[in-house]
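Two complexes follow with chain A in common, the first pairing it with chain B and the second with chain C.
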Partner chain A sequence: MAERHQIDARGSYCPGPLMELIARIKQAGIGDELEVLSTDKGSANDIPEWVKKVGHEMVDSFQADGVWHVVIRKTK
Partner chain B sequence: MEKISILVTSGSREKLQMAGMLASVGAVSGSEVLVFLSMNALAPFVKDHADDVPVEGEIGRLLLDKQAPPFLQLFEQAAELGDARIHPCSMAMDILGVGRDELLPFLGAPLGLTKFLSEAQDAQTWSF
Partner chain C sequence: MKILIVGGGMGGTILANNLARRLKHELKQGKAQITMLSASERHMYQPGLLYVSIGRMATDALYREQTSLLEPEIEFHVDPVTTFTLDQNQVTTQSGKTYGYDMLVIATGSRAMPETIPGLAENSVNCYTEANAVEMWRQVREFQGGTVTIAVGVPHKCPMIPLEVTFVLHDYFKERGILDKVKFQYTYPIGRIHSLAPVGEWAKGEFDRLGIQYETLFNMKEVDGANKVVHSEEGTQSHYDLLVAVPPHKGMAVIEENGLGQSGWIPTDRHSLKMEGRDNVYVLGDTTNLPISKAGSTAHFEAEALAENLAAIVKLGEPVRDYDGKVFCFIEAGSDRATYAMFNYNQPPAPRAPNRAVHWFKMAYNQLYWASARGLL
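Showing the complex of A and B:
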């Protein structure tokens, strides 16, 4: 059954949030969703670009109270 | 597979940080990454030497204050999470007088310049 994981990367600078996501995605199952919390706007742009390049799926990306929430689904 | 080769000769924190960022993001984005550490860039990869790294200016100082990922961690993640090989220059090792067991364990075998040039052929190449 697919799970949802949250990765709190607030306060970290590029490429910290992306690297934390990649470390966690290796442990996740196919279909799992991973939500990265980031205060680094560069990462909010870079993570979707990385997802597109490596072939996972973007689920959502939004900002709330100064924090970016980038949600992706592991597809392979 | 896209190949990226990174020649690092500077020992400044700013340039090591940029090289580490490029290596880690390139490696986890599906590229084959080759890093060659020579000249002043090798000393920070000697065990317990990372704290001695000089800064060039404001960004280098701020990197320490902010929560930027340490450059050694970026290189290590490039090797662990992606397809990156990080090699010390054999000449720089000789000049510094360090053996392989004195270098950080994620570094690969010493490489000569001829071998690096051969491996970097047809790769997107960056230098710092």
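Showing the complex of A and C:
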């Protein structure tokens, strides 16, 4: 069963939301979704760029109450 | 009120001493009790390992006896915890003893795990343990030229190490007069050369000036030692003659074994530092799952906030402040220059150009650390 994991990287300047995602994705199963919460607007660009390069899948990206939610699916 | 601190590293030690000072009277009157359980009788100043790995510090300078750093009122045992029974407010240790508490603080730190990437442990050097730093110095000393690749796993403690190790090695080879035979290939997991954007910006200028090449969005997948190549998750590869690793880290095995947190990271409230779902368990330093630097300075500022709160709970029954995410990191920018980054949950850092004064302040801090661990600074 695929799961959804939330990574709360709000207020993260270091190591940064993408780094949090990279650290966590290894523990997830293939097909799992990971939702990163970030207050850093750069993440809305950084995360899709990495996801594309590595070959995972972008599911969603939206902003609500000043927090970016970037959702990806692990494909391999 | 029984306060039990598990872990006698940077976070645990600063907390225990700070708390002992705030609770002097309560400790004397027997109204409060502070016990520390740790895994070692010696305290290691881990940032010193960077200097060991380039032959600038002797290994014995890394250590002090833990008892010499603690206020006398603190009861200290070298007896690592094996089982946490949080529902019964107790822990069990390697010696078989059971310790109860009213408030528990977990500060067991983190460890480098090069073995989690195929081929990395056998084919790289790093500065994350004493043995590894000594071996790194041996290989660096014997290196006669070729490509030095720096490869970074996540998460890792001390966010500045990837840059610092590159800068100090650059200057070391320059001082040895073989820089023209050495090529630097720096790699980094995300789309810039450091996680802090302003630090990355500044470091990029330095790398360009020094002729250090870099590849971003590079996450180690495996190391092919026979062909001296590191492969990335992103499908690229980097050849090396000397592979300098910043290995991925995990928390201590005991955390995961006791079901306290995946990979050894304990889910922690970012402001109160309480373990999620527990009212009398707090987490400090590297072992939290907070999205901030795994650094001594993080442990230090968290310990100060927590000491104030735990003392207030003993005295008033309520905590008095929130931890604001404060971190301060020195950044060695070569053998005689340094800068720093200071930030919190709301305020990004704005590092300045490196200079000699900050480098000498870091050298002084290497000694001052012992006063800071005693809670004096």
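Operating definition for what follows: the second predicted complex is superposed on the first by the 74 of 76 C-alpha atoms of A that agree within 3 Å, B and C clash if a C-alpha of one lies under 4 Å from a C-alpha of the other, contacts with A are read in each partner's own complex, and residues count from 1 in each chain.
The rule we apply is simple: contacts are C-beta pairs under 8 Å (C-beta built on N, C-alpha and C of every residue); 3 or more make two chains touch, one makes a residue touch a chain.
Small disclaimer: the values here were computed from a predicted structure and weren't measured.
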item: Partner chain(s) touched by A:Q27 [first = chain B, second = chain C, both, neither]; value: second
item: Touched chain A residues, chain B compared with chain C; value: C
item: First (chain B), second (chain C), both or neither touched by A:C14; value: both
item: Chain B versus chain C as contact partner of A:G42, first or second or both or neither; value: second
item: Set intersection of chain A contacts, chain C complex versus chain B complex; value: 11-16, 18-19, 22-23, 46, 50, 53-54
item: Residues of chain A that touch chain B when the two form their complex; value: 11-16, 18-19, 22-23, 26, 46, 50, 53-54
item: Partner chain A, residues of chain C touching it in the complex; value: 154-155, 159, 189-191, 195-197, 217, 219, 233-235, 248, 262-263, 270, 291-293, 325, 327, 329, 341, 343-346, 348-349
item: Chain A-facing residues of chain B, complex; value: 21, 24-25, 28-30, 66-69, 74, 77, 81-82
item: Complex contact set, residues of chain A against chain C; value: 7-20, 22-23, 27, 42, 46, 49-50, 53-55
